[in-house]
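Take a look at the structures listed below.
The same chain A turns up in both complexes below, where it pairs with chain B and then with chain C.
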Partner chain A sequence: MSKTAVRDDRTSRKLFDVKLLLGTAAVVALLGVSIFTGEYSIFSAEDGAQMFANTRIPRTVALILSGAAMAMSGLVMQLLTQNKFVEPSTTGTTEWAGLGLLVVLFFAPNSSILVKMVGAVVFSFVGAMIFFAFLRKVSLRSSLIVPIVGIMLGAVVSSVSTFFALQTNLLQNLGVWFAGSFTSVMVGQYEVLWLVLGVVVAVFFYADRLTVAGLGEEIATNVGLNYQRLLLIGTALIAISTGVVTVVVGSLPFLGLIVPNIVSMIRGDDLRSNLPWVCLTGIAVVTVCDLIARTIISPFEMPVSVVLGIVGALVFIAMIVRQRKNVR
Partner chain B sequence: MSANLFTPDAQPLAQKPASVRANRGAGAFSTPKARRNYIIIMVALLMLSALATLGLLAYKNPMPFGSERFWLIAERRASAVTAMGVVALSQAVATVAFQTVTNNRIITPSIMGFQSLYTAIHTATIYFFGSAGLIAARNTEMFVFQLVLMVLLSLLLYSWLLTGKNANMHAMLLVGIVIGGGLGSVSTFMQRMLTPSEFDILTARLFGSVNNADPEYYPIALPLVLASTLLIYLNSRNLNVLGLGKDVAQNLGVNHRRHSLFMLVLVSILMAVSTALVGPMTFLGFLVAILAYQFADTFDHRYVIPMAALIAYMVLTVAYFLMQHVFYAQGVVSIVIELVGGIVFLIVILKKGRL
Partner chain C sequence: MKSRLTLSVVAASLMLAMAGCSGAAENASDTASSAADSVSSAASEATSKTVTIEDNYGTHEVSTSPQAVVTTDNRSFEILESWGIKLVAAPKPLIPVTIEGYKNDENIVDIGNHREPNLEALAAANPDLIINGQRFTSFYQDIKTLNPDATILEFEPRDGEKLDAELKRHTLALGEIFGKQDEAQKLVDNFDAALKRAQDAYDSEKTVMGVNVSGGEIGYVAPGKGRFFGPIFDLVRLTPALEIENASDDHQGDDISVEAIAEANPDWLLVLDRDAAVSKDAAPAKTVLEENAALKNVTALKDSKVVYAPSDTYTNENIITYTEVLNSMADAFENAK
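Let's turn to the complex of A and B:
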C-alpha cells in the first residue's frame, strides 16, 4: 500500500540510532510529567510516598504496557490481513474480549482477575480467528470494506453482550468497564498486565517472519514460511494483549490503528526497525491522551477511551481522505 | 389477476407492477414457477401479517368485541401497530435501496452513525437536563430537530465524499461509521456520570421499541416515510440499473452520481424517521433484505421492495405478538430481532463468500 515500502533495506541493520534515543528520552520525559500530574500532591501530603507507590507507578507502568501492546497488536493484525485499516477495535476483537469478560462475570461473579482475563483472552482469540476465517473465505473488492465488515461483526457481538448484560443487570457496569480508563489501575489490580510484556517480546522475536507474512500467503509460503502456524501465533498474541488490556484497562479504541500508520507513514514498512518506534509512539499517544483526560475537567477525570475515540476518529478520517486522494 | 390480492392499506405500492407486468414479455422472474412462488409467498406474508395485526389489536382485549370501549382500547394499540408499519416500511425500503446503491449486500444504512447520533442526543439531554428534561423533550419540536440533524449529517457526508473527483462509496461509509464511533465514546462518557435511575430511564429509550413512538409524531413521520418510499419505488428501474455497478450504469446512460445521491438522501430520510421514532434497530433492515432476496428470487426492485417491507412488518408484528402474549417479555423484542439478525448476518457472510 505504501509507496515507500522498501526504501532502504539497510535500515533494518541499525536498530538503535540517535533518533531512537531522542525519541525514548522524549517519551520518558512525557511519562515523568504523567507521574507528577494529579490532584493528590505526592510531595506535600503526608502519605505522598505511599500514594506514589500504590497508584502513580502502577498507572505509569500500565500506560507503558498497554500502549505498547495495543499498538503492536494493531501492527500484527495489519500485517496478517494486509490491510491498513484493521485493528482490534475495528475487527470486533475488543467486543469479543468484553463478551468473554461478561460470560465469566455471569457464571463466576467472584472469580479472580486471572480467571476473567483467561475468559477475555479465549474469546478474543475466537473472535480474531472468526474474522480471519471470514477474510479468507470472502473475497473483497475494496480494502475499505474490511473495517466496515469488522465493525459490523463487532456490532453483532456487542448486541449479544448488551442482551446478556441487560438480562443480568450488568448494563451500566458493562459501559463503565468497557470505557478504557487508567483510573482504577493500582497495586493489586494491574499485575496481570505484565503478561503483555511477553507479547511485546514475542512480536520482536517474530518480526521478520511477520514482515514476510505481510507480503501475502503465497509469497510467504514460497519463501518457506509456515504461514498457518504464524497466523495462529499472531492471532494468539493479538488475543492475549487485547484480552488482558480489556480486563485491566478497558477498550482503547483506534490506538492500534493510529500508531502503526503514523510510523509507517514516516519510516516506511520495515517491521524490525519500526518496532521500537511503534512501541514508543504507542506509549506516547496513550500517555498524551491520558494526560488530556486527567486534566481537561480536573479535578474529575475522563476515561482515556473518550479522548482516544475522538482523536482516533479524526486521524482515521484523515487517513481515509488521504487514501482517497492518492488514487489506489 | 394478482392486483386485487394486495389490499391497498397494507401494500399500496404493490398494485402498479401487476398491471405493468401483464403486458411484458421478458419478466423479472426466471421461470413462471418463480413468479408463482413470489405470489404465494406474498399472500402468505399478507395473511400472517393480517393475523398478527388482528391479534395485536384484539387479543386479550377485555371488552366485548364491537363495543365502544373495545374500539378505544384497539385505538390505543393501533398506535403501536402504526409505529411497526412505519419502521417496517422505512427500514426495509431504505436497506434494499442502500444496498443497491452501495453495491453491497451485507451492509445496512443503520451503521452509518444515525443511531450514535440518536444515542448522543438522548444521552446529552438526560445528562444536562436530568430525567425530567428527557421526558419534557418528548415533543414534536424535538422530533423534528432530531430528524433535521440526522438528515443534515448524512447530507454533509454524501456531498463531501460522493461528489469529489475520486468519489468513493466505501470511504464515505467508513467515515460515517467512524464519526458514529466518536459520538459513541462521548455518549459512553456521559452515561457513566448518570445516576442508576437516570441510566435506567435512558436505557429504556435507547433500545428500539415501538412503545417509544408518540402518536403526536405521526403527522410528520407518516407523510415523510410514505413520500420517500413512493419515490424510491417509482425509481425501481433506476435502482435495477444502479445495482449493476457504476460503469455499467453509466454505459446504459444513467447518471450514476446524481441517482445515487438522490437515493441516499431518501434513504437517510427514512432511516432518520425510523430512528427518531422508535430508536435504533441495527439488523432489522439487514435481516429482511436478505430474506426478501432469498424469497423473491429476483433482482427486480419492483418486486423485492414490497416483499422486504411486508417481511419487515410481518417480523415486527409476529415478534411483538409472541413476546407480548406468549413469552411475556415485551421489553426485549428489538434485542431479540437484533440477535437473530446478527446471527443471520454472520452465517450469510460466511456462506456467501463474496461481497
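Let's turn to the complex of A and C:
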C-alpha cells in the first residue's frame, strides 16, 4: 500500500505543471468562443439569457463531455489492442451503437432517450467484444491489419443497419442520427451525456492498470493483473461512451484516433500524465471542428462528423506515412 | 480456429446467395402467370378509342380504356383511387396508408420501393399504361426498355415551371385518359379556390417559415425551392421569415440550429412531418416543436400559429394534398385576423 502512495505522489507532481495550466486556459478560452457563437442575439433579445441557458450551455457541455469521452475511449481501445490505429469508429463500435439505436427505434419508436441509450450501449459492448474476440483469432497482428479488420467489421454492421433501415423505412432517420451534429443539443436532450463523466473518472482510476495492459496480456498477467477483467471493464467504458455519444450527438469519426496519437507524439507514452492532455485535446479538437461546422455555412450547420472526417482522414494517412518512414 | 471461422463466413455468404436466388425464382413464376393475362387484354384493345396526351417526353396516342394500369407516381395514387381506377401493379411501400383502396388491395402486384424496385414484376404485370413519376423518374428508361408495348407517361413537375400549373396539367391529363374530365376539372377548381382563399386571408406583414421534421431533427425548408412548402411561398406570396441564398432543395431541408429559427422568429410556421408519413408511431413533429425549450418564445409557437400538413403529405404530394394544405392555411389565417 505504501508503495502505491509513493508512486502516486510522484506522478501527481508530474501531472500538474505550468504547461497543463496553460493548456487548460487555452481550452477554456476556446470554449468561451464556442459559448458566444450562435445565431441568436443573446445580448439584445429579451429572452437572451433563457436562450443562453437552453442551447449554448448544453451545447458547450456536450462538446466537453463527448470530446473527452471519445478521446478517452480511443486511448483505452489503443491500449487494450496494443495498436495505435484503433478507436471506436475504426473498429465498428460506432456502427454497432447505430444498429442498437435502430433496433430500439424500430421496436419502440417513442421510447425515451434513456432507453435508446441503453440499446446503443448494449450493442456497442457486444460489438467491441466481438472485435476483441476476432483479434484473438487473427495471428497477424500487424498495426495495419487490426484497423482494416475493424473497418471491415464496421462496414458489415453498417450494411446490416442500412438493410434493416431500408426495409423498415428508417433509412433517412439513420442518416440524420449518424451525421454527428450538435444542432439538436439542448436542455432536455443532452443530459444523459453526463454519464460519460463517469467514464472519464474511471479511466483515470484504471490508468496504471491500463498502461500495464498496454504491454500485452502475457506481461500484464505476469505482474499479477487480471487481464480478462480489465478487458471487460475497458470494453464497458468504451461501450458506454460510444453508445451515449452516438445517441445524443451522432458519430464523431476519428476523434479517438487523432487525439491520443497527437498527445503521445508530443509527450511520449506516459499514460497517467497524458490523460489530462488527452481530455483537453479531445475537447479542443471537437470544439474547433464544431465551430467550423456551425459558422462555415451559417445559419445552416454542417454535421460536425463531416469536418472531423476530413481532418481525421488526413491525420490517419499522415500517421501511416510517418510509420512507414520509421520502419525504413 | 482460423479455418472454422473461414468456413462459417463461406457458409453465411452461400446462404445469402441462395436467398437471392429464391427471390429470382418467385419472379419467374410471376412472369408466367401474368403472361396469360395479357392475351385477354390485347384482344379488347382493338376496339378502344385514343386521345393525344402530351407529357414530359412528347406526345402520345393513349387508349382511353387501358386494360392494365400501373402507376409508380405518388402524386397519382390518390386521384386515381378516388376515380375508382384499378391498378395491376404499384410500388406498394410508397402508397400512403390513407389510400386504403390501393394499399390493402391484394390483387395489386407489389414492385417494391424506389430504392429496391422490382422492375421485372412491373413488366410481368404486363401493363398497357404506365404512369411514372416522382421517386421512380430515374427508372424511366429502364421501364421503357422492359415494357416496349406499354404507353409510358410522366407528368413530374418540370424544373423552371410553376408548380400550380404543373399539378393542374397532371390532373387534367389523367382526367383525359380515364374519361374523368369533369372530376379532374373539379379538383383543379377546388385547388384554385383554396389558393385564392389563402392569398386573400394572408397578411403580408406576417413572416412565415417552412420546416421539415424528420427523425426528431428540424430542417429548414427554403422558400421557392424547398420540398412541398417551397412552392407555396411563391403561390401564396408569403413573406419568408428567413431568406438565405444557396439554400438547398434537399428533401430533408437544411440542418439548422433552433437558435436560427428562434432568431428569425416567424409569425407562422408551416410544418411537414416526414416521419408521420412513414411510421405511425414516430415522434410527431408537434412534440418536437412544442416541447423544444429554445423555441417556446417564437411567436408562431407561442400563439399556436402553426399549420401542419396532413400526415401523409410526404408520400402524397398531389393537387388534393396541396388543396387541403392551402385550405388549412386559409382557415388559420382567417382565424388569426
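Quick note on the criterion: the second predicted complex is superposed on the first by the 313 of 328 C-alpha atoms of A that agree within 3 Å, B and C clash if a C-alpha of one lies under 4 Å from a C-alpha of the other, contacts with A are read in each partner's own complex, and residues count from 1 in each chain.
Convention: contacts are C-beta pairs under 8 Å (C-beta built on N, C-alpha and C of every residue); 3 or more make two chains touch, one makes a residue touch a chain.
On a predicted model such as this, the values are computed, not experimentally measured, just so you know.
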item	value
Which superposed partner A:145 touches (first chain B, second chain C, both, neither)	first
Which superposed partner A:82 touches (first chain B, second chain C, both, neither)	neither
Partner chain(s) touched by A:110 [first = chain B, second = chain C, both, neither]	second
Touching partner for A:187 - first (chain B), second (chain C), both, neither	second
Touched partner set for A:137, first chain B, second chain C, both or neither	both
Residue contacts with chain A in the superposition, chain B compared against chain C	B
Which superposed partner A:156 touches (first chain B, second chain C, both, neither)	first
First (chain B), second (chain C), both or neither touched by A:166	both
Partner chain(s) touched by A:177 [first = chain B, second = chain C, both, neither]	second
First (chain B), second (chain C), both or neither touched by A:54	second
Overlap of the chain B and chain C footprints on chain A, listed as residue numbers	137-139, 166, 171-172, 176, 179, 302-303
Of chain C, residues touching chain A in the complex	1-2, 5, 93, 115-116, 214-218, 220, 242, 244, 246-247, 252, 254-260, 262-263, 274-275, 278-279, 281-283, 291-294, 297
Chain A - residues contacting chain C, complex	38-41, 45, 47, 50-51, 54-55, 109-110, 137-139, 166, 168-173, 176-177, 179, 181, 183-184, 186-188, 294, 297-303
Residue numbers on chain B that touch chain A, as the complex places them	104, 106-108, 111, 161, 164, 166, 168, 170-171, 173-175, 177-179, 181-182, 184-186, 188-189, 191-192, 196, 199, 203, 282-283, 332, 335-336, 338-339, 342-343, 345-346, 349-350, 352-355
List of chain A residues in touch with chain B within their complex	85, 130, 133-134, 137-142, 144-145, 147-149, 151-153, 155-156, 159-160, 162-163, 166, 171-172, 175-176, 178-179, 253, 302-303, 305-306, 308-310, 312-314, 316-317, 320-321, 323-325, 327
